[in-house]
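In what follows, chain A forms one complex with chain B and a second complex with chain C.
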Partner chain A sequence: MSSATAPPTAQAGGTGGQQSGVQEPTPARRRRVDGEWVRRNGVYLALLVLVVINVIITPHFVSEGSLRLQLVQVAPVVIVALGMAMVIGTEGIDLSVGAVMALSAALMPLYLGYGTVGAIVVGVGIGAVTGLVAGVLIAKVGVQPIVATLGIMIGGRGLAIVIGGSIKSIDDPGLVALGTGSFLTIPYTVLVALAAVLVVGFLVRRTTYGRQVVAIGGNRRASLLAGLPVSRVLITVYVVSGLLAAVAGVILAARSQASDPTKIGLLMELSAITAVVIGGTPLSGGSVRILGTVAGALVMQLITSTLISHNIPDSMAQMIQAAVVILAVYVQIGRKGARS
Partner chain B sequence: MSQVTSTVKGDRQMNTNIRKRAVMGAATFATLAVLLTGCTNSGDDAAGSDDTASSSSSADEDSEQVVKDATEASGDGCTIDKYGVDKLDLKDAVVGFSQSEPDAAAFRAAETKSIQDEAKKVGVKKLIVTNANAELPKQISDIQDMLTQGVQVLIVAPVNSDGLDPALNAARDAGVPVLTIDRKLTNESCKDYVSFLGSDFYEQGKRAADAMNKATDGKANVAILLGASGNNVTDQRNAGFVDQVKAKYPDLKIVAQQTANFARDEGQSVTEQLLQSNPDINAIYAHNDEMGLGAETAIQSAGLKPGEDVKIVSIDGTKNAVQAIADGKYNAVIESNPRFGPLAFETLDKFYGGDAIPEDVIIEDREYDSSNAADGVAGAF
Partner chain C sequence: MTLTATEKALPTDGGGGAGEVLFDATGVRKSFGGVHALRGAHITVRSGEIHALIGENGAGKSTLIKVLTGVYEPDAGELRFLGEDVQFASPAAAQDAGVATVYQEVNLVPVLSVARNIYLGREPRTRWGTVDIKAMHRKARELVRRLGIDVDVTGELGRLGLGVQQMVALARAVSVDARVVIMDEPTSSLEPREVETLFGVARNLRDQGVGIVFVSHRLDELFALCDALTIMRDGEVVHTGRIEDIDRSGLVSLMLGRTIDDVVGSSTGFTRESHVVEGEPVLSVRGLEARHRVHDVDLDVHRGEIVGLGGLLGSGRSETVKAVYGALQTEGGTVSVDGKQLRRGDVPRSLRSGIALLSEDRKAEGVVPDLSVRDNIALAVLSRVSRFGVVSDKKMDDLVDVFMKRLKIKASSPHQKVRELSGGNQQKVLLARWLCTEPTVFLLDEPTRGIDVGAKREVQALIGELAERGLGVVMISSEVEELMEGTDRVVVLHDGGVSEVLSGQDITNARLLAAMAGDEYTEEDVVAVLGLTDEDTTPQGATDAPQGAADMPQGATDMPQGATDEEER
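Our next item is the complex of A and B:
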């Protein structure tokens, strides 16, 4: 990873160009360095551009209420995307997150008899279970991540509909408070997302486990030969992803004060993957970018928000979002191509 | 995507070329995405798509469907002679009902139950019910299976407006008349099927505009929560509302139209965004109850009073929405009645009695507002 260190903004153009003369024709070299810089920092730049645009053109954008709204709405995506970033870091993918959200949201209201906390524990617990199933299928049985998690995506949503039936209103005061309350003006849901960022960030950046995740994604064979506990790490990564998805399901249900197994978490896997990819984590594994992922989620949130605020028709909105995703993937592919 | 990858790997010098290709790829992808969305939605184009709801309660006797503007007298409807099947006594008949979508949705549950209840009431010999789980091939084989089981009459809630031809042909060959409900087929009536019973979604939109006018005293900034894009229910419920507002209510200003895909949580988040960026919005028209209920939560969390500060009108008639009207947090709901049983058997009875059945039997939907919601909750689905 450190082989391609990105120079800071100011130097990128100039020094990059000078160094390039040593090995390769100037234009190619400059482009590669620029591409690398864009890949690493493009998401922050995009976020900045979006904020500036909105400050200028969107009425009431600069306000406490607006800031709080964006953070509340992005919280579930951030939580899911963090787990997704770890999974993608191991060169895997988790398509089951949306269904796991539906499953936890469907289960939770049925266990309110054990109190709010008991219900939340059950709801979050189901994420660990599905994550364990996915992890074992992938690490022990050798099923490809996309296949294993696709199975859980389909079966999980079906199970959620069987368990939950039709949509249920949630009026438990504890859950309503979790969904709508706040501490020192910061909504609980945002605090949960913040906690998830800190915990996952710590895991990835400061622990041996985090190094193992990245090592396995970078080179599975070498990791095995080096004696890393590959299976164990892979299983736990999917458990973490399942847990986080279930937390997001609980939060979303608490926020909308309803649990709709057919609609909750629908297409969340795509939103999460998009946030991770835009955030600069390569789909080829070997790197996990936490802050980038958060910024990626915020970029998508702001795009959606801008399109709604300015009443852009849905068809146009879909194309704009698709274009952003493709641009992000293109930047990544450009980098990989330059390397090989 | 993979094409782009290999090109980049293959030739680094052709960067501009690649970029062009990538842009073209992006455009193709976006077009594809749009097309795909269109396709998925068109398979989903009727009352069934907007029917997630609170509970699956039974239909009340007093909420049966009423024919709205039957043109039976006109004589050019479909008669048993014209259709060319044998006479039949319903009391001694084997009837098949092919439901399109899973009964997890309240609309479908109420629809199926209504057919079952009415079959029992009429006293048919046997009713066979199948569910296609929203898959056209399954519906075709469902219908073919029922024909081999010897059904003599078919009631079909089509999965899709097109593509049911193999099943319809099989029914025709077996001399079994087909009555369709809630989603209209593009096939020829009185040839491929007898008649269509259903709601007029455009009319629902118009009535929603009337209800909105009443709730706001004719003056409001209205935001519309649209159903899924490319869905004819969405299109008609919207056109009816917009046309009526244009024609009759000049002071109802439509300031935003955003999709929330018939889902409650999307109704909530879209309404939050709309209220944040445009605090002048003081009325919401939602294409279904679920989005309207999401809007209710959003209005509350913005510190406003739903039903008062921001009025809500939607279409469906689910228990939760009607209850919300009774609680004073919601203003009006135009019903999309799922209880096709009584009307379906009545129509079949007339058909076998020699009457001419019009191509479209459009039923009248009820309407709930503060004056009747409390009494109406029990009858809502």
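Our next item is the complex of A and C:
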């Protein structure tokens, strides 16, 4: 296993250059690398284990229909979690994503008069607006992220219910196609999620903006002194999160061919945060793990679907999910504890 | 004449009317993971006495206080409080016994009333078990009157000024009938007027027989308020005695562990060679003001010049460079680079104008621990190694490679996380970060603090080289050797203002110490304080390379030198 080989190679690389710097490197380093390895790769291991278990015990798990269903169901969570990962990377949190989904889903049907694209633009646009509000509150006014986004979470859903009223069915052919159609057997919704992964992944890994995000999350004072545009980056991070949440809201409404402002995106903030944390992005900021986040969302999806397909009651399923989250956070904190 | 450590047992009579011994700690030892924070420290607090506890950062003051107040359990040593051996299990236990602490930061509840804060957790009760608000207000009123604080006890604490809040904290501390009150830098965030009031309260308490331990870095305050003092250095007590038996220069030299230069030859990585200075200054600062921190500071730096910024802790050194860099709000003054005036409080603008600041606090304001060495180095020049907002690995690697080689940064690869490097290598990474910005003015705040000896010399040599290449350098240092050997000029700050500017041969230990203390410099003072004979001082004043002083005052001779600064991981 690579877990066994990783520490020695890291050591060999380290000892040559570091003799003068690090005292007694052996025990501390070995332990740290192990903890680090679990934190970085545990989510992939968990995913692998879940897939293997399902292949063995769940009938028809390896079928096109089943796999497609899994991916369609996980797509909105992935999209929202990507934005959440960036926000958490700056040492923030965005509790408003579920409400933003409801808001965009409630707003969109009202603007179908402008055509499918026009309605989608309005729906997605509201996410940018709420994100901007949250970002300005946090970066300029100095409100704590959890407070600012909690306000939008509550107010946003209220507004969605006021605007959307009761359940509206959506029969716009364009939206229906988006929700149910597919390209080369891959559902459009999954393609949207894939595109979001690629775009956010590029943003985080390749751009100066991505470096600024993790630098600000890692050490805000240092980033200020290094002349980084801290306020601007913080604001845009919430705008991106709002945009992605709105996209997820549009997709979900299109897929269910209905918009129910009281239900859409409910508890989505928690699913997204869970996916991010399980994926190895520390809540303390300074790092954004895109693939880990995707894997984290898949893990939670598989756990839920496995439990449901084996007729385990919902209440039990929730407790198991809770246990997974606590375990994931424990792994992170365990690493921190070992460090200090 | 100064009292030495061994003479501390001598009875101190009369004077400030000091009475019985309240708290006596002897032989206190405490270490953290092999680092000795206290190596046999002692302090004797008497009734009716304000006792100053003094020392530079890392001297062990805070650790000693935390041992006295039950935050830490000492590894060894005796604590006798009111004549009985004690070992407080917690700060609450210490408080119950009568040892109260007032911290630098007010830790009260701003939304509650003054009275509620004073009696928080110990509210007087009615017989129904509810809070007896009337009694509480009455007791609180009596208490604040006794202390001489003018405040409405029913008012919300958060609406009061910081100074009054500090006073309320003090009232809370003494409301438990404290016999000993420990005040840990209580004045650091107060306005001068508030400081006066606080002093009044402290004196009031003293006159009522309370023993007070007062920690402050402001010498003026110590001399204005205190009766006795204990000076710590490197975890040990180097002096204790009456305050009137010592003067500022003597205090400072004991605190820093320096007397007349006892270093033969070069102890730093600097090559002692003054740099040629000509033309207009590259950095020119006039009348810099920052609220309560920096007062009317002028500073000129020429190309190729290293200007030292000296002063004690809290003298405004770090604040001055931060204000110059735009990272600290200023109320007045101008900063010009190459004759062009900068806008105030604009860090990106300062960077573009060619100013770089290496902060003193490597951890909080320097490294981004979870980013790689490479990303840390390129942090301030991200836009330069990018095209259309996309980072170019090639450009970044080229840049980083140059600096890693040039500064001999020891990392397994450019992709190693910075937090895994030693303190010295982290410091080099930060130097590289700022050198990437191609500064014309480099502000260095304690560039060699907390790094190992080898790295220290390398950094010092690098600084010298940068100056030779034409950079204007401002270097803050607490090490007198660094200022003497590394700089062309030293601007000494005292209480936020420039106390003296020394250059060339005038940069001597004695004059630096006197300026740091805010004293008028007279040779006799220093001689008197240090207990030196005339022969000792003659070479000091006359030659560039002074001889080692033959005799240091007793009690100071066996002080280990050497860095106690913890090496950060």
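Convention: the second predicted complex is superposed on the first by the 307 of 340 C-alpha atoms of A that agree within 3 Å, B and C clash if a C-alpha of one lies under 4 Å from a C-alpha of the other, contacts with A are read in each partner's own complex, and residues count from 1 in each chain.
Following the convention adopted for this analysis, a residue touches a chain if its C-beta (ideal position, glycine included) is under 8 Å from a C-beta of that chain, and two chains touch if they have at least 3 such contacts.
Note that the structure is predicted; figures quoted are calculated from it, not measured.
Trainee: Mind telling me which of the two, chain B or chain C, contacts the most residues of chain A?
Mentor: B
Trainee: State whether A:219 touches chain B only (first), chain C only (second), both chains, or neither.
Mentor: The answer is second: A:219 touches chain C but not chain B.
Trainee: Would you sort A:66 into first (chain B), second (chain C), both or neither based on which partner it touches?
Mentor: The answer is first: A:66 touches chain B but not chain C.
Trainee: Tell me the contact category for A:161 with respect to chain B and chain C: first, second, both or neither.
Mentor: first
Trainee: When the two structures are overlaid on chain A, which partner does A:256 contact: first (chain B), second (chain C), both, or neither?
Mentor: So A:256 only meets chain B here.
Trainee: A:311 contacts which: chain B (first), chain C (second), both, neither?
Mentor: Touch status of A:311: first partner only.
Trainee: Of all the chain A residues, which ones make contact with chain B and with chain C?
Mentor: none
Trainee: If we count contacts the way the header does, which residues on chain C are in touch with chain A in the complex?
Mentor: Those residues of chain C that touch chain A are 325, 327, 347-348, 350-351, 357, 359, 364-371, 375, 378-380, 382-383, 386, 389-391, 410-413, 416, 419-422, 424-425, 433, 452, 454-455, 569.
Trainee: Show which residues of chain B lie in contact with chain A when the two form their complex.
Mentor: Touch residues, chain B against chain A: 1, 4-5, 8-9, 12-13, 15, 22, 25-26, 29-30, 33-34, 37, 52-56, 102, 104-106, 109, 226, 229, 255-259, 261, 263-266, 268-270, 272-274, 276-279, 290, 293-294, 297, 301-302, 320.
Trainee: Could you list, by residue number, the parts of chain A that touch chain C in their complex?
Mentor: 10, 13-14, 16-18, 20-22, 206-212, 214-215, 218-219, 221-229, 286-287, 339
Trainee: Name, in rising order, each residue of chain A that touches chain B in their complex.
Mentor: Within the complex, chain A touches chain B at residues 27-28, 31, 58-61, 65-66, 69, 73, 161, 165-169, 180, 252, 255-258, 260-264, 266, 304-305, 308-311, 313-315, 318-319, 322-323, 326-327, 329-330, 333-334, 336-338, 340.
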